[in-house]
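Dumping the structure here so I can ask a few things about it.
Think of it as A, B, C, D, E, F, G and H in the order they're written, each chain with its own count starting at 1.
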Amino acid sequence: GFAKLDHHRPLRTGMPEVIFASGKTIEHVTAIFVRMAQAGGNVLATRVSPECAQAVLAAEPRAVHHVTARCITLEQAVPPQGKGTVAVVCAGTSDLAVAEEAAVTARLMGNTVELIADVGVAGIHRLLAQRGSLQSARVLIVCAGMEGALPTVVGGLVNAPVIAVPTSIGYGASFGGLAALLGMLNTCSPNVCVVNIDNGFGAACIATLINRM
Amino acid sequence: GFAKLDHHRPLRTGMPEVIFASGKTIEHVTAIFVRMAQAGGNVLATRVSPECAQAVLAAEPRAVHHVTARCITLEQAVPPQGKGTVAVVCAGTSDLAVAEEAAVTARLMGNTVELIADVGVAGIHRLLAQRGSLQSARVLIVCAGMEGALPTVVGGLVNAPVIAVPTSIGYGASFGGLAALLGMLNTCSPNVCVVNIDNGFGAACIATLINRM
Amino acid sequence: GFAKLDHHRPLRTGMPEVIFASGKTIEHVTAIFVRMAQAGGNVLATRVSPECAQAVLAAEPRAVHHVTARCITLEQAVPPQGKGTVAVVCAGTSDLAVAEEAAVTARLMGNTVELIADVGVAGIHRLLAQRGSLQSARVLIVCAGMEGALPTVVGGLVNAPVIAVPTSIGYGASFGGLAALLGMLNTCSPNVCVVNIDNGFGAACIATLINRM
Amino acid sequence: GFAKLDHHRPLRTGMPEVIFASGKTIEHVTAIFVRMAQAGGNVLATRVSPECAQAVLAAEPRAVHHVTARCITLEQAVPPQGKGTVAVVCAGTSDLAVAEEAAVTARLMGNTVELIADVGVAGIHRLLAQRGSLQSARVLIVCAGMEGALPTVVGGLVNAPVIAVPTSIGYGASFGGLAALLGMLNTCSPNVCVVNIDNGFGAACIATLINRM
Amino acid sequence: GFAKLDHHRPLRTGMPEVIFASGKTIEHVTAIFVRMAQAGGNVLATRVSPECAQAVLAAEPRAVHHVTARCITLEQAVPPQGKGTVAVVCAGTSDLAVAEEAAVTARLMGNTVELIADVGVAGIHRLLAQRGSLQSARVLIVCAGMEGALPTVVGGLVNAPVIAVPTSIGYGASFGGLAALLGMLNTCSPNVCVVNIDNGFGAACIATLINRM
Amino acid sequence: GFAKLDHHRPLRTGMPEVIFASGKTIEHVTAIFVRMAQAGGNVLATRVSPECAQAVLAAEPRAVHHVTARCITLEQAVPPQGKGTVAVVCAGTSDLAVAEEAAVTARLMGNTVELIADVGVAGIHRLLAQRGSLQSARVLIVCAGMEGALPTVVGGLVNAPVIAVPTSIGYGASFGGLAALLGMLNTCSPNVCVVNIDNGFGAACIATLINRM
Amino acid sequence: GFAKLDHHRPLRTGMPEVIFASGKTIEHVTAIFVRMAQAGGNVLATRVSPECAQAVLAAEPRAVHHVTARCITLEQAVPPQGKGTVAVVCAGTSDLAVAEEAAVTARLMGNTVELIADVGVAGIHRLLAQRGSLQSARVLIVCAGMEGALPTVVGGLVNAPVIAVPTSIGYGASFGGLAALLGMLNTCSPNVCVVNIDNGFGAACIATLINRM
Amino acid sequence: GFAKLDHHRPLRTGMPEVIFASGKTIEHVTAIFVRMAQAGGNVLATRVSPECAQAVLAAEPRAVHHVTARCITLEQAVPPQGKGTVAVVCAGTSDLAVAEEAAVTARLMGNTVELIADVGVAGIHRLLAQRGSLQSARVLIVCAGMEGALPTVVGGLVNAPVIAVPTSIGYGASFGGLAALLGMLNTCSPNVCVVNIDNGFGAACIATLINRM
């Protein structure tokens, strides 16, 4: 009784409910994961601590732990396939955890993902060198901390929707990702929309819906 | 020389550059509008004051002034057509200016638009009565001020992407739209992304790109 | 002499003073609890750590530790009885700690409590399925983190007072419950009032006064 | 079609929908007021400018303009009667607009109202002199700007629910009512709940529901 | 060379420089304390951790550790004597650390101190019972967290200067003492001034200068 | 009945209640001023607009309008005399309105005032040239906007209490005086306390109490 | 006596004191301007309203009004000459007022200025087309509002110091330039430093000192 | 593949890319350091924890660990030499970590550095005693926490560029360095620019570019 699983949601939204492990006990996460695994669909847990991952994998050995992404997945069904590539772009090495959360989620939901890392705007030639990959993506997820300028620049290079994910990477006046978030909301590229700080998962959900169209 | 028009952008992003009239003199807005009109494409000016609108229409009588939306449009070309309907939903009468900015922009960019107004979550039956319209839209733009809860509820009812637009409608602890913005960023519906406060224009741009897919 | 117990208060306000354990030493909490137990009324301690709970129960074995609620109670008197049911509603599993603090407090103060969990607005059918319970409550306490939309939707479904409790559940732009707090203060349901972030205790006090009327 | 009036709401919540005039055109306010007047119930408009009031009274001469409260009322039905007195307390002369908004609303909704003004905590004897009135109220609405301490002190003097209304009165570090709002949310009187800055109307709605019990 | 001790300052301001231990290594604090002890005046270290206190007392056995106040003092000189009593008032048990820091500092600087604890405004009779002590003080230091209302009420009861110290005690919307700070800055008692959050030391310095007049 | 004048306060605090004209109608200010004038004591109104000043002087021709200070005074009684000089120091020309409010208030309350203007810290020699005046004052009021550094520097030069008044002078990241306020609260001069932004009046009240000792 | 002109400063810092007209009366600005003009050096007034400009030019007909820059200059002396070019770059048409304030100031202080406008990062080719001009500048001033990304991208293209000026251009979550300010402070280009929002004047002062080296 | 080193940047900006160790695993930092060391240039890692430093020195024994500065350097090339002295000034002992980060970086980049510590503005004579050193520097880096006033005072004493570094030293209303940051941005010394909180590294980069001119 501690959780009302929303069995309707996959039908309504085309995506399974997902376990947000942060703030839940290891026992709760493991129990929910096993219950969902038995329901037969694909299962995803995000924000999983290493200890929690160990417990889940002990209970469900078919599950896979994605260390950088802090995710656990169980693939046992074939989701609707995305029509093109989802590009996941990130500014610095430290943004990789968020970018990988997006990539793992998007792959589990049936997308082909191309990850393009360490192309921050302070060395714009690195980004311009990826122009081909960027322009061939059907939808882009762009993760950046600090000043959060990357989605704006990427947005000006492509004519596809860009989903911007501010990350909490930074210090001082970054205020836990607030600077990047505000930067992205004030973008002057009109093809950019934004999700919560560090929300790689949510970005992948929207990208999936778009890529299925 | 006071403005470098970005003639490349329509080719790169599939959308014309647009005149953001707020903070520009009436003379500047009129001059840019006329220059763009001569370039032959469709033209859009947003955040136009009544005085400014009069001046633009005097200089270019074919233009149309959308009063609630605070926009001026000139249609002289056929844009790529969207494949389905864009639903523009808003919570209260006061959010209409932002919703209409989104609707006018989306129509000019080739979309069929359905406007669903005054369906705030405090009387949820009003929203549920529109379930058919909501679920048949290919992409949704949802505008709300005050507590900004509408996109989350709509997001749970559909399996299409929802673009949330916080509005500056409210008083006291709404802090100019901040409350609605934070509410939308913290949505628990994973198919919701967010644009800047009052940015109906930007929401329509993203919706257009998605609806063309 | 380290604490002036307010013996007048039960007489003035109809409720005993309560021990807020957070920030007090285990020794202080235990000593105050024992002193209050000897005074003969019911005793409540909130925000009790597991170690502190152990110490209190060792000193007063009749006391009960409510783990999820992080509370200790001692029942040895019959409080004035509430006339109807207090519904305690919460959005997600993670809000349960706050909801249980409210429920434990309300029960100790003489109310019949119905706990309705995991009915977040992203799957509105779950909430609508509880309409009966919601509408038969005499007063409602509604706890939610993240976007904090639940009290507004509940407020529109009932004609009883709704006490909204923002929780610190969330991440990124939730800013420790600020997003939920602002959302609730800006509610467009006029039967909603708000208490401090995570303040399940305070919500139960107000609900008790109302339910005694 | 510009507004969907929520005809269900009076039945669901026991209160008519109300016109929040701020941000609406004079024409819209007048038209909605007249339409509601024809529906036969009592009508309330809040945040009405002097010009708007003139237009509404011209269209509906039976309406009454409450200048300090910035409200217009039309009484043509007998609402359910409150069982006791609602005390409306305010700290300073400048808080009167908010206090009067609460008083006008509460009276229209069937309550006996006692207004107690200018009893700020810097001269506590003024407040203590009103102890009789305070303690005989069934529910209290307490409005204060600046440091917002009044509801806390009142809350300690009574055993009834206190609804605190922060006002935007103040300057400098009051930040438009934020200081008072935070003060009230952090109250150490457990019988205090809070509504939005300047929201006298909402406070009266909750007080009405409580006073009908 | 890691610290330039300001030997002029006692002459200029009538008070010795003091060691703010927070953020300094135990070795640094101990070394500076010993050096100052050798200079012959009284020595004060504030914000001392238990481990640091142990090290300082080992190096200078004449020093005294004030546990609640988190201070170490060494008395070896007679400071100028204050002319009256400094009252140190605090709202709750949890504010005692800050109040004691003020009291220890004020005593070391030559003042007679009267500590009045646990007289929060939610039970105003507790405060009124102390009216005699409050009114006989020459200067008052008033510490409070949460809503920070105590200095305002005290300020209205006396005709002496009141130095308000917001404390970081609270949770949720107290935002680490911000709510109390704003409340005190917006006081409507004109005899109240404010120092930084938790700054019992600074309050005592100002009180000392006033009490010497 | 619209204002309860606090006739006790002069007796309790040694200072008359004062009219804060901002946010009151001209009629109200004039009426209160006349009523207070008839009571026989000195009268002070602060934050008076030019139009309001004209009305008050028409009704009470003995009153004096201090234009820069935005104050009106009526002297008809001899207040207790301060024992020394109150120095009122300000950083720039634009801070003069606040400094003059302090000076006018302090003079009316029986103090000898020395005004030292335009001695901002960016040209420290200007300040050092005033060292004599600063050091001979019994208490100092220091007003500064922008970075708010002046009270800290002055505090290090004197051994008297310094009352810091942040002003709203500045732009951009001064956020209406917030930068100066925070700077003053974080002062490393221990003889500095702070009042609200632009609150020259309050600073003078505290200075008066101190200077009478 | 209302202003102590800092005659030492030109000697100490190599730059004349400048009149910041905002918040000063027209009479004060005019009088100070004339007094400075008589002292023989170059004179600069910033943030001058059109009415004020008219008054100053009437009193000193040799002065020049720079309309977009909102500045008045009087050139009557030859300042030390900068060794290279100062590039003043801005993102959009609306940032021109700030960019021109920087350009006018820099020219008056002896620099050759190249103004590069409307090269926002959403169309990066426009900026890359200016690479030659950017790389030949000895120091760069880069002004941008909204997301404030331009200085970071420019910083990555040059090996000269970049002085970033956030502008207040934007709306909604730009919060008066705060978003741009935070973006610039969190830049990942290590050759970027920042001045206050809209402070074109200050940026030019630093650029001048650097360009003289 | 986890990091794209920007080999172009030294050529473009005259400075090597640097390892920001905070948030990276010890293995990553060590691997990158070794790779950069093999590339033959000088190497710098900042924000290195003691454990991480041990690992790097084990892998590259020629590297030097600067404990206070939390940096590791490897010198194996001769950088372009600065033409004058870079003064690194700090307010208090606790600001030394940031000041040393700046000093270590500046020395590695070819500058002669003079460190001037513990000259906070509350004892201005300490700073004035260093006037000679300050005025002979070619560029100054000034670090301060708490009220952040030091760069403004230093700025008024010299005619060289001042790079202000706010530090996170402080408590209460310092809000992690925000108070110092705002103070520096609002400086009234026009030769001051600002970098992120605690960013000694960035300040040294800009100082290096200036000192090479």
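Just so we're on the same page, a contact is a pair of C-beta atoms (placed from the backbone, for glycine too) under 8 Å apart; a residue touches a chain by one contact, two chains touch by 3 or more.
Predicted model only: the values in this text are computed from it and were never measured.
Listing every chain that touches chain D and chain H alike gives E, F.
Superposition on CA atoms relates chain B and chain G by a rotation of 90 degrees, given as a multiple of 5. With centres defined as mean CA coordinates, chain D is found 35 Å away from chain B. Averaged C-alpha coordinates give centres for chain D and chain G that are 50 Å from one another.
Counting partners per residue, chain A has 9, 122-123, 155-157, 172-174, 178, 181, 185-187, 196-197 as the residues that reach two or more other chains. Under the contact rule defined at the top, the touching pairs of chains are A-B, A-C, A-G, A-H, B-C, B-D, B-G, C-D, C-E, D-E, D-F, E-F, E-H, F-G, F-H, G-H. The touching residues of chain E, counted against chain D in their complex, run 91-92, 120-124, 128, 146-149, 152-153, 155-157, 170, 172-175, 178-180, 182-189.
By the touch criterion stated above, chain F contacts chain D in their complex at residues 1-4, 6, 8-9, 12, 22-24, 28, 166, 168, 176-178, 181, 196-199.
Those residues of chain F that touch chain G in the shared complex are 93-94, 96, 117-119, 122-123, 125-126, 169, 171-174.
If you check the complex, the residues on chain C that touch chain D are 9, 12-15, 18, 83, 138, 156-161, 163, 181, 185-187, 190-197, 201-203, 205-206, 209-210, 213.
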